[in-house]
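Two complexes come next, and they have one chain in common, subunit A, joined by subunit B in the first and subunit C in the second.
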Partner chain A sequence: MDVFKSMDVIGSALSAERTRLEAIQSNVANANTVRGVDGGPYKRKDVVLQSVPLQNEFGEILDSKDNTHVEVEVADVVEDQSGGRPVYDPQHPDANAEGYVYFPNVNPVEEMANMISADRAFQTNVNVFQTTKQMALKALEIGR
Partner chain B sequence: MSEIGIKGNGLTSMLERQLLGREMTAAKNAELKGAPSDQTSGSSGPSSASFLDSLKNAIETTNELQKNADTSAKNFAAGKGSLHETLIAMEKADISLRTITSIRGKLIDAYQEVMKMPV
Partner chain C sequence: MTDSTTALLERVLDLRMKAHEVHTSNIANANVPQFKARKIEFDKALEAAVTQSENPDTLQARELSLQAAVRDVESAIYEDPNAPMKGNGNTVNMEREQTELAKNTIAYDMAIQLINKKFAMQRYVLQEGGSR
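Here is the complex of A and B:
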């Protein structure tokens, strides 16, 4: 049924927005982490989204002529390669020869703005879902 | 979704039995009323059989969605799967069950309407 295709599309969007929020969670949690996974300071993560035609659970495209239902998926989680924020602290164990420690390239204000954006996008998709459901239930009332 | 008493193939077989039972009583009644039996078998020819097939298909889909909702709820309880996917599976099951129920209601209405018809 078509209404279920719509729900799959909305579900993919909800998953994508959740992944965005998860990246933001990592960024905020590691805003002051000077020892990242690969040695240097933590690098800000960003999510790259891409659209895909609706697929079934075996990864086959359901209907190549159907260009109304387009899902979104997380193509990649990339690391922001811009330099970290240097802080002069010679006492720090990770300070370099000049006495600077490199903190992550995470800007908490920017992360907050991105968080609100992801949250609003999630809410919007939930609203779309509710409208889709209400339309389906309203259509069922035709038979009553 | 076991609280509405649907387990495994329960829903499919239940609805199928109801529908087939009604069809059989209808055929029997028609025979009792002296209608030629080949006409009844003729009416359940290709067109009505395909309708029954598509109905069966719809019931199968509904049953499948109920089972999906059940599995995803279990998975979520076991810490696997995401919250929104579970709820979407449940909504799908809900909508398909409502649809099939209303189709069933319409079919029974039509059957009763026909049975009320004075011959």
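Here is the complex of A and C:
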């Protein structure tokens, strides 16, 4: 049933957008963490999304002419390697010889903008799911 | 005993569902870099099928040719080469996709209502106009 495939596509998008939100949560929560897991300041995480054409049950990619479904997949979660934000604080235990402490490369404004984008995309996909469901239920009423 | 109206509405439901899938995929991929939005078109093909089969003279010949023509209507799915790109190479226009999706849903519901009316008429006839 194609309705279910549509729902699978929406499900993949919901999951991808939720992963983006989780990365943003982690970034905002660790905006001031000077000791990350690898010792240095926390590095902001970025989610890489990619499109995958829907495959049939044998793992073959369907003929592109009929292939109306394109799923979303989280390809990778990468760490932003850009440098941290130096703050002059000689008293800090992690200060370097010049008295600077390196804070994470997290920009709260950028994170908030990304959060709104992920949130809107999530909500839109929920709406599309409701519409798909209503269409399927309407079709069941034919001839009643 | 399919008639041409039911055959036409059946095909419309198929095509509308396909259009729904295309718009759904576009919306789902709205944040994926380099994803190219796809469009679907079948209005002209459907219209051509209906007009071309108006030519035969007898009602029965017209009925048969319409049924055959409608069944062969195919949708064209393509990437719009002129669609404006966002910074990440994605060409999905979220507002347009959502309005197209809403329009498509209304058209789908309309086809279902028409098909239901058609069946209701047939039922009415089968019950001898409801006089029992």
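Assume the second predicted complex is superposed on the first by the 132 of 144 C-alpha atoms of A that agree within 3 Å, B and C clash if a C-alpha of one lies under 4 Å from a C-alpha of the other, contacts with A are read in each partner's own complex, and residues count from 1 in each chain.
The criterion applied here is as follows: a contact is a pair of C-beta atoms (placed from the backbone, for glycine too) under 8 Å apart; a residue touches a chain by one contact, two chains touch by 3 or more.
The structure displayed is predicted, hence computed values, not measured ones.
Look at A:3: by the touch rule set out above, it reaches both subunit B and subunit C.
Contacts of A:49 after superposition: subunit C is touched, whereas subunit B is not reached.
In the superposition on chain A, contact is made by A:134 with subunit C only, not with subunit B. Look at A:18: by the touch rule set out above, it reaches subunit B but stays clear of subunit C.
Contacts of A:124 after superposition: subunit C is touched, whereas subunit B is not reached. In the superposition on chain A, no contact is made by A:111 with either subunit B or subunit C.
More residues of subunit A lie in contact with C than with the other chain of the pair subunit B and subunit C.
Residues 3, 10, 143-144 of subunit A touch subunit B in one complex and subunit C in the other.
Those residues of subunit C whose C-beta lies close enough to touch subunit A in the complex are 13, 17-18, 20-25, 27-33, 35, 38, 40, 77, 94, 98, 101-102, 105, 108-109, 112, 115-116, 119.
Chain contact summary for the complex, subunit A toward subunit C: residues 2-3, 5-6, 9-10, 12-13, 16-17, 20, 48-51, 65, 68-72, 117-118, 121, 124-125, 127-128, 131-132, 134-135, 138-139, 141-144. Within the complex formed with subunit B, the subunit A residues making contact are 1, 3-4, 7-8, 10-11, 14-15, 18, 129, 133, 136-137, 140, 143-144. Residues 61, 65, 82, 84-85, 88, 91-92, 95-96, 98-99, 102, 105-106 of subunit B are the ones that touch subunit A when the two sit in their complex.
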